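Heads up: the structure comes next, in structure tokens.
We just call them A, B, C, D, E, F, G and H in the order they show up, numbering each chain from 1.
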Amino acid sequence: MELRDHTHPLVGILMGSSNDTDIMNRAYKVLSELKIPCEISVLSAHRTPDETIEYARTAEERNIKVLIAGAGMAAHLAGIVAANTMLPVIGVPISSGPLNGQDALYATVQMPSGTPVATVAINGAENAAYMAARILALDNTTLAINLEVKRNQKKQAILTKSPKGKNYGM
Amino acid sequence: MELRDHTHPLVGILMGSSNDTDIMNRAYKVLSELKIPCEISVLSAHRTPDETIEYARTAEERNIKVLIAGAGMAAHLAGIVAANTMLPVIGVPISSGPLNGQDALYATVQMPSGTPVATVAINGAENAAYMAARILALDNTTLAINLEVKRNQKKQAILTKSPKGKNYGM
Amino acid sequence: MELRDHTHPLVGILMGSSNDTDIMNRAYKVLSELKIPCEISVLSAHRTPDETIEYARTAEERNIKVLIAGAGMAAHLAGIVAANTMLPVIGVPISSGPLNGQDALYATVQMPSGTPVATVAINGAENAAYMAARILALDNTTLAINLEVKRNQKKQAILTKSPKGKNYGM
Amino acid sequence: MELRDHTHPLVGILMGSSNDTDIMNRAYKVLSELKIPCEISVLSAHRTPDETIEYARTAEERNIKVLIAGAGMAAHLAGIVAANTMLPVIGVPISSGPLNGQDALYATVQMPSGTPVATVAINGAENAAYMAARILALDNTTLAINLEVKRNQKKQAILTKSPKGKNYGM
Amino acid sequence: MELRDHTHPLVGILMGSSNDTDIMNRAYKVLSELKIPCEISVLSAHRTPDETIEYARTAEERNIKVLIAGAGMAAHLAGIVAANTMLPVIGVPISSGPLNGQDALYATVQMPSGTPVATVAINGAENAAYMAARILALDNTTLAINLEVKRNQKKQAILTKSPKGKNYGM
Amino acid sequence: MELRDHTHPLVGILMGSSNDTDIMNRAYKVLSELKIPCEISVLSAHRTPDETIEYARTAEERNIKVLIAGAGMAAHLAGIVAANTMLPVIGVPISSGPLNGQDALYATVQMPSGTPVATVAINGAENAAYMAARILALDNTTLAINLEVKRNQKKQAILTKSPKGKNYGM
Amino acid sequence: MELRDHTHPLVGILMGSSNDTDIMNRAYKVLSELKIPCEISVLSAHRTPDETIEYARTAEERNIKVLIAGAGMAAHLAGIVAANTMLPVIGVPISSGPLNGQDALYATVQMPSGTPVATVAINGAENAAYMAARILALDNTTLAINLEVKRNQKKQAILTKSPKGKNYGM
Amino acid sequence: MELRDHTHPLVGILMGSSNDTDIMNRAYKVLSELKIPCEISVLSAHRTPDETIEYARTAEERNIKVLIAGAGMAAHLAGIVAANTMLPVIGVPISSGPLNGQDALYATVQMPSGTPVATVAINGAENAAYMAARILALDNTTLAINLEVKRNQKKQAILTKSPKGKNYGM
């Protein structure tokens, strides 16, 4: 089935606080460029625990395929979501507060056996979207092509931007 | 007994330096919103050791119930206070100096057995106040209700702030 | 009311894995020495999320006054418990795995505003019990005396153990 | 299509050194329990760069769906594999050497935008397998059921192992 | 053979992203001051893997003697280059992102046995150039003299800049 | 002998780079306030090794009593000075570069047995001066009094600055 | 005055717990070898606060010249001692518990301005003794000679132990 | 000129303490296998400063081409050697003491501009030897071939050791 036929989101993006909007919108933007339908919400493991669990538990029946969860500090969001769904959950540690995201990285990636969170770099919301796209592309040829095109664009961008200053040592 | 009947502070907030005022006033503000009488002082474990110990030792007889102590760098304040009272002491590590509060976190939380300090996040003065409120609410129904109201406000704030941008991938 | 009149636990000790039993039993032991009724359970934020939330939500009506939660790695247990009760929650970061508890410390202490966890040292289950005792002693004279007696014992233990080797430099 | 019909591996497990076999075999074991066909190889980004790239580039045409790459120290393996395939790549940082896997964690998770690695905990090979299973289960009902069964087993294991020692404070 | 007789670069400077240009140009500047012919390019281990490997494999036959590779975050560039050449490779960890280059340092320096990267300080592109110069000076007397002259200039700069404020304690 | 009778410096302050002047002048200022004669110089363990060793070796015969050495990054200055004198050497780690002085702290404090460096806080040049003063005051009553006066001023400054906002919970 | 004429200790060694005896006895041993009269005690900033402060305040009148304080975890001992004396205080961070002494290092060295602690390496009790000796040698020629002799012994030990295996590459 | 014609060492290996012999002998062993004449000595920046500087200053005239220096803790050896020679200096941080070599890594790699140290992994003495070999091979065809042979052996070792367990999911 082609991406354009979907009338519902395939990826659900969550963030623990509206302060994380700037970072997490980067995931939204990449998914949109790849024409992957998605939705974005603020839900906190600590301040809206019921709504967070409800979201996680109903995501599959709403035909969401991948969840992305970004949070800072003692970032429990991705782990709690992963504990309440069988969908793949991608975690984005966010650098808020004085520890520069080191706390969020540990709290996201160091999950105990049985409840995996696929963690990307601190503030790496773009890569969360690319990872979601790789998963969805396993079953979607159009998306696979879109990803390949985007990869080539990035490659060409580097090759044309390379400094040309060469100095042959006079 | 209702909170309004108290004519003396129930929580004593201490900070190791007047530079910490901006951070520690957040504890004062939360306590005030919850209508918990409190007082705030600058006392240093190193520069005013006698006054600090005197404060800690007389707090209980002055009917203070919980102490909050914030300090940066080699943050000894909370530990020294805890060594000189039997009241629960909440420690707030403060991020002053180049180590971003990592030093204050270790110096506050890694207390040896027998002298506990209930440590909150780096610069987490608000949570120090919420923890004090939870302790006081064990014995005060009005406060318990105030806390519940505040928690619901935070929850509603998140639920109404959630980005509504949903993209169904055309 | 005296401690001996309680026919139900006042403190609930939770741990995220049965591997944490050795550490968390130290809290149980201190509470027992102080004659504070308590109960101890294994509940995981990730593997038994429903039971964990149920436990947290019903603790208050079961007349528990303080909760202690110990977990290792991406230690979400204390935070999730704190999000589902208004009782004071004390967190014990546990050193399991290669990061020596640094991950558990961050995941326990760096809680966002509104959901405090009173964190003690890595593996500091004894101090979690002492902190619970200080909170309960606010309203219990017998316990306050027990705590004072125990503190004096620790003090005397140090004073009598001090090495006596003095060398006057011949 | 059912898992048993596959005559080729769906998951390729790579490790950077045969010293990592004990850790990475845990992924193999979990996948086998879930009846997911897989293969396991030692390939180094530094010592066998050609074979590593060849493996990554041909994985998709060999019908592999997910790659798992474990490495220690300056762990480049997962990143290099991710740069040479469009399949989802899961990275396992391994704690070899004096830095306890902190080096491998950073070298695996901190990938630049466009080349994502789904990182799990240090030595978290089991979760790498569970994440692979979650991805494959998006398209495989039998596997989804197997995962659910396994999750329930883990849950029951905790609930039956919970210490029963309750002390009502005589 | 004198440096001025070279009509081709002796040092190839690579960087993983054009964002690193400001840092890596410092290497270019030092090499130019020492009259060492060099070239500078943007090549990414992840986004242009083929071109990076091609560059590394052909460097020796193009008479390049030393390679310098700078990259940030999960900095794989220097390691991948070192795996595809026998020339000495100098790695420059770059502080991009919230971890201040600690990630890049580990990803550059912690190379496994057999594929060495000569790592300099975070953002230490100047020292990468000086190290390249020391290597080239083993076989080039003019360069050795240039290096000695530059070292003496630095020494004199210190000795003339020393604060002269002396206070004899009135 | 009184401080005013000295016609030569009693404390030598060294710094590894003129960039460290702002930090190290704080030591100079504190010593001047305490009327301790001192001198301040820029000398580098790496760029002026001969002059640094010469300075260290002749300090004692020039009647200097204490040396203070501040440096950033791989801060070798204090250690090299300590290796070439028997005078007490106080080390000041300086936060230059992306590691915030963590590198300088380790390079200054982790000295092997036999060559001690008395290390103060990162950027703690004032305390280096106070430590020098404590050492000199062992043999100088006037200085001991000056130190006591200064300590009392600091204490009074805190006691008068303490926030007076007290809120009794209406 | 010669060392042998002292009938009282010149150095007081304190440790925060009798568990630290093995480490801190190394200071005692070095001082004894240098014929510096000293005494060693266990005193805790948290468990025996009165005795600790009393010790610090009376040390000077008992003719002690230098204090050495070793403690682990949230190591407050050296700082509290320094706050209650004008004698130079040398701090020894001790590696007890899972953070390997990193916590004790921060809690000892990151002292605020006005209350200096001369910190040595983690577990560096020997260097604490050598630093005390350097301070005492300012005023004691015999000790200065003893130190010089000991330094030469260490130097000779290295020069005679150097591996002689030289391989000229057949 | 062929390696076998050398009657003097081309590489000088230094270590700061005889405790480092086990680690640093690995460099000696690799160099010997590659038939590179070398010598190995214990010299300390702190305990034998004169001999260390003398060694560094005379290395070039003794026809040594590359220096390798390994040290632990506040590892000043490589930096001091680099400050006293123009030869390329390779630094090996050694994990001695409780900080696992993190201290030695910072003290070795974070060198200021103008005095480069080519740092390898913590305890990475083998790679120090391989880096020395790469430098020497710039001018020595036999050595270049030896290196290539060794690299191929390592590659074959991996390819033959790869676990063959493949499970096709019954």
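Just so it is clear, contacts are C-beta pairs under 8 Å (C-beta built on N, C-alpha and C of every residue); 3 or more make two chains touch, one makes a residue touch a chain.
Note that the structure is predicted; figures quoted are calculated from it, not measured.
Legend: contact pairs of C-G compared by residue number with D-E, A-C or E-F; the interface matching in over half of them is E-F. The interface with the greater number of C-beta contacts, when E-F is set against A-C, is A-C.
Once the centre of each chain is set as its mean CA position, chain D and chain H turn out to be 35 Å apart. Taking the mean of the C-alpha atoms as each chain's centre, chain E and chain G sit 42 Å apart. Chain A and chain D have CA centres that are 19 Å apart. Taken residue by residue, chain A touches two or more other chains at 17, 44, 47, 73-74, 97, 99-100, 102, 109-112, 114-115, 121-122, 151, 154, whereas all remaining positions touch fewer.
By the contact rule set out at the top, the touching chain pairs are A-B, A-C, A-D, A-E, B-C, B-F, B-G, C-D, C-G, D-E, D-H, E-F, E-H, F-G, F-H, G-H. On chain G, the positions that touch chain F within their shared complex are 65, 86-90, 105, 109-122, 124, 126-128, 130-131, 134-135, 137-139, 144, 147-148, 150-151, 154. Within the complex, the chain A residues that touch chain B are 3-4, 6-10, 17-18, 21, 25, 28, 31-32, 35-44, 47-48, 51, 73-74, 97-100. Interface residues of chain E facing chain F in the complex, by the touch rule stated above, are 95, 100-102, 121-123, 151, 154-155, 158-159, 161-163, 165-170. Considering their complex, residues 16-17, 44-47, 49, 53, 72-76, 79-80, 82-84, 97, 99, 102-103, 106-112, 114-115 of chain H touch chain F.
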